[in-house]
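Please go over the structures that come below.
One chain, chain A, appears in both complexes that follow, with chain B as partner in the first and chain C in the second.
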Partner chain A sequence: MIAPQRPVSVLPALAAALLAGVVVAAFLALEAQWEIALLALSLVVGLLISGRFGLTARVEASSAAFPRAVLSVTALVALAVAAVLHDAHFALLMLATVALYVTVCLGLTLQFGYAGVVNFAGAAFFGIGAYTAAVLAQRTAVPHLLLLLAGGASAALIGSILILPVLRTRGHYAALITIAFGILFRTFLEVNDALGGPQGLKVPGMRILGWEFNDNLRLGANAEVSFYFNYVVLAVALAATAFALVKRVERSWLGLSLDAVRSDETAARAFGVDAARWKILAFTAGNFLAGTAGAIYAMIAGFVAPASFTFGDSLILVSIVILGGSGNPLGLIPAALLVVVLPEKLQAIQEYRLLLFAVVVILILRFRPEGLIPRRMREYFPGWRRW
Partner chain B sequence: MDLGIAGQYLLNGAVLGVIYAMVAVGFTLFFGVLDVIQFSHGDVVMAGAFTALAAFSGLQMLGAGSGILAAVLIALAAVSAMALLGAAVARWLVLPLRGAPPLNTLLITLMFGLALRESVRLFYPNGSNPKPFPRLLPGEAATLGSLSLRLDTVLLIAAGLGAIVGVHLLVRHTRLGLAIRAVAQDAETAKIMGIDFGRVVLITFALGSALAAAAGVANGLYYNEVNFNMGLLLGIIGFSAAVAGGLGSLYGAILGGFLFAGLQTLGAIWFSVPAYKDVFAFACIIALMAWKPTGLIAEKSAERV
Partner chain C sequence: MTAVLAVQGLTVRFGGLAALSGFDFQLHEGEIVGLIGPNGSGKTTFFNAITGIYRPAAGGVRLRDRDITGLAPQRIYDAGITRTFQRLRLASALSVFDNLMIGNHRNLDHGLLTNLLARRRLRRQVEENVDKARALLARFSAALARRLFDPVAQLPMIDRRRVEVCRALISEPQILLLDEPSAGMTQEETRALMDDLLAARARLPTLSVVLIEHEMGVIERVSDRCVVLNYGEKVCEGGYREVAADPRVRAAYLGED
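Right, the complex of A and B next:
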């Protein structure tokens, strides 16, 4: 017996997108420390409350029913936020960084949210993309848009070295391999003079068809748009594409197979699911996303150095995934916003941020392992309730 | 290569091997009783070294601060503090997550390690810089040809081996050890036989962490420097050693510790850039794991579905 349901409307999702836009803009624009702290706190509390009263579920249902409309409105909202902040360099830089972190964490979601393949070298794969872009942009004339693909491809390729040991081993062993890889990656960069050693490399700005990303845009006589605006557009476009991709993977039979492999590999294999194949797919696709984001990061920052891709950064990426709710792409957005922006805006916690995130993740795992926005059960017919 | 230098490399490798083996034995003990990896173990090593350092400052304030006696005292302080910390980790972080996916245990201990690391960096006086560790062991050297045999090196090797043998005897020949082995073999049956499961787990974690503290102190005495970041690499080396030897096996952990130290020493001989010795050793371990995923001495058990 299926209970009658209210028809799913597009409104909750649109309202959520608009509200999110306002929150993001306020978060980036606010200066007073107590206002920022208050906003961050109310964001967390608001998410928890709306989860309890089923508001989050309605937003998710409506965005699942109207994926295209919601995605385009969300992208428009992001652009509107960027337009409001058009001349604030720092705020735009933060916005682009959040979009890139969301992209990397979407990759991690594919890996251990869905397939259950742990990866504690997220920052290393991000760094591989960044270094690839840096080297190619400095020494070759490869069109800059292709650098994004090159960054992703090299991260996926180098990641494939780890596939054999990761597949042959399980859980903890795979964790060890990725941790060792992440640490060795940094050591390797620091002693490698061809890659600039500890100082790193300078990266030229992005240029697409003669359009210089690093020039401020002039609008009329006295309006100027920060050059970071270009990068925000690019980063948000990447994040939105990755988001749509991951959502579709989740909904499709690919996602079903990945979930089966994660929740019980032995049972999945007994039912004929080729576990190795899905793990390879998730691992490679996730690293590709991280590498692509890294390529953009290199161009935004203007330089790459080993210190930006440490094991601590990998753990921060993992914290974002856990905080948001493992396996739920939607949760990544508020989580990335909190983790990336809060320490930059609140000077009081800047120095203590790693300790703070570590404690927060410990508390979450202990008392609310499903994260800020828990992942929901699979629903093949949106809006239908199981009796 | 001349024989004296070869001997020097050998001695150096032996000290490293003992330190790695002490860390690896902890991993193997924890894995044995609970099938979990305590990823903050390396940072417990670091915290042990810093506890010893703090204890040394305390001793100096009391006016007694040199010689082997001081070394023994600060080692005791570190060992007992870390035993408590280890039991606390088991009690509040690992045991409550018994029913959760294994990934969560891994994450929570990883994050606890990060928290320990950051706490030392932020709250230990001037903790973000490398700190000198006192030279407490006698440094006299006996010269045999071109090989100089330092007394402190020999003492460290002897003490480390003594600690490992002590743990081995405890696990093999006491009632407590019998309980630990019973829980490792089959926790359910052990409970039915009247073994206090929670207590055995806490004691095992205390034991492993105490050994980690000893490793930290040994590391400090050998290099005469400690650093808030040292636990990260030591923990991963210890874990690699335990895995390469075969998790769950005490002999495997010892074998793995010396194997890793040997690989590092070979790497140091072959490559001019010092950092490559770690890259070489880890690459060998990763290759070894791809070849023999269960380690050299495999745990004798079948996975239950």
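Right, the complex of A and C next:
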């Protein structure tokens, strides 16, 4: 029987975007430790409850039906959050970092959420993008907007070499290869004097078409906007573009082929799916996203050093994907927010953050393997089941 | 009659063991051939060797005029041979439609432009394929056709089998290889599936089928001809009655003497 469908309204998506904006702003602005802990807890519980009662599903259906409206409102909300926090350097820095982590995790979603290629070297590809941008910005006059592409391209290129041994191995062994690569990358940076060794490199601030990102903006007599505001705009724009891209991949024949490779490679090959080709495509595109985010990160931080791209950071990226819900881009946003911001704000857990994330990952895998916002069935087009 | 599939001296070895040795086999257009034999006699090995999962140690496979020996599974599928698996290999988290579309891979447009930018063109393609999938499923079961967007995990066994057969049929292959479709089903379910299959074949007169089956009743009803395997070698072939009466076949199933 075909169930009568309720007409999809744009309201749930808009309400969710506004609520998300309030939560993000509060999360970044709050100072009292117990308030932050309470907010983080209610975010998790709220997501679980809203999933349980079908609210999340309605939000997703609604945002799928009105993609342009929802995207513009979300962008406005993000800008509003940044405007509220306009002079809080640290809060804006964290907001930009969350957007960059979301971008890297969107790349990981293509890789193991869809194609099933494990990548425990996410931080290394992020780092390749960062170092590429650092070297080019320091030693050449390449326009800074191109640095983003260069960072992405070099991560994709190095990834396309790493994928060769990954394709020849299965399961745990493929994972081990990526772990080895991540460690090798860091060691290489530490011993390489041309790249600054353990101290790393300084990176000049970003300048796009005369727009100096590292200048604070003056508004009137004594209102000043933190220079991080510029980077928030750039990072959020990148994350939004990557989000739209990954969503489109999922809602197409491409996403279907990637799912086929992940769920049963033998069966997929028996139906003409060239598993190697799809894995290479997903791995390369995912690393490109990581590298692009890394390039922006280098400019925000003002320096790059091996200690920022460790195996531990790769694990944090993986835990964001698992926490959010493997294969669901939407889940990455709350997950990245929790994982990036919580340890910075809650001094009590700062020292123990890796320990804490390890426990969270174990609990998620044991009790809720589909994550905070589970992936839903593929909808090639909004409301398409009604035909 | 022309042979659609001609297999000569096909041999598959695993270390010292010959899982299939010197197997000759012919399949004619529109024919349903039952492939029988005890467990471990090489039936599934034969399918795996034709479809490129195993590489034959010797022998050749021809599809009409084309040598397809040792090609990769993707190429075999493109050439027009599809199969089902003894233990279902559906993507159970995906919808019935998605599973059928995996089977239709050859006819889908994988261009980046279509998939990422020209969404209107993609929409037209998706709509056409929904109609196609629904029509194919409806020939097997009208109730199943209405569950096109349900996850396969929610379907009963017989519907999963139907989805697997439809996945193999939707690309309109020349040859369909069915690996023990009755496994895990009751006799009534098996009968229903075979009725569907015969009905589907009636609409596709050029489709040729090889059927691996343990249920002799199924073989008797469905197949035009039988081939019996034991220890990787052909014991005999012929009509069902002929084969069933052959003392060598009885010996293979019941043990020597």
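General remarks:
One rule holds for everything that comes next: the second predicted complex is superposed on the first by the 379 of 387 C-alpha atoms of A that agree within 3 Å, B and C clash if a C-alpha of one lies under 4 Å from a C-alpha of the other, contacts with A are read in each partner's own complex, and residues count from 1 in each chain.
Keep in mind that, in the parts below, a contact is a pair of C-beta atoms (placed from the backbone, for glycine too) under 8 Å apart; a residue touches a chain by one contact, two chains touch by 3 or more.
Small disclaimer: the values here were computed from a predicted structure and weren't measured.
With both structures placed on the common chain, the touch criterion links A:L365 to chain B but leaves chain C unconnected. By the touch criterion defined above, A:T266 reaches both chain B and chain C.
Once chain A of one complex is fitted onto chain A of the other, the partner contacts of A:L245 are limited to chain C, with no touch recorded for chain B. Looking at the shared chain after the overlay, A:D274 reaches chain C, while chain B stays out of its contact range. Once chain A of one complex is fitted onto chain A of the other, the partner contacts of A:F283 are absent, as it touches neither chain B nor chain C.
Considering which of chain B and chain C touches more of chain A, the answer is B.
By the touch criterion defined above, A:F66 lies against neither chain B nor chain C after alignment on the C-alpha atoms of chain A. With both structures placed on the common chain, the touch criterion links A:L254 to chain C but leaves chain B unconnected. In the superposed model, A:Y231 makes contact with neither chain B nor chain C.
Shared contact residues of chain A with chain B and chain C: 266-267. The part of chain B that touches chain A in the complex is made up of residues 36-37, 39, 93, 96-97, 100, 102-104, 106-108, 110-112, 114-115, 118-119, 122, 232-233, 236, 239-240, 243, 273, 275-276, 278-279, 282-283, 285-287, 289-290, 293, 303, 305.
On the chain A side of its complex with chain B, the touching residues are 112, 116, 118, 120, 162, 164-165, 168-169, 171-173, 175-177, 179-181, 183-184, 187-188, 190-191, 266-267, 311-312, 315, 318-319, 322, 351-352, 354-355, 357-359, 361-362, 365-366, 369. Residues of chain C touching chain A in their complex: 51-53, 72-74, 77-78, 82-83, 85, 89-95, 98, 101-103, 105-106, 108-110, 112, 114-116, 119, 122-123, 125-127, 130, 146, 149, 151, 167, 171. Remark: chain A residues 1-2, 245, 248-249, 252-254, 256-257, 259-260, 263-264, 266-274, 377-378, 380-381, 384-385, 387 touch chain C in the complex.
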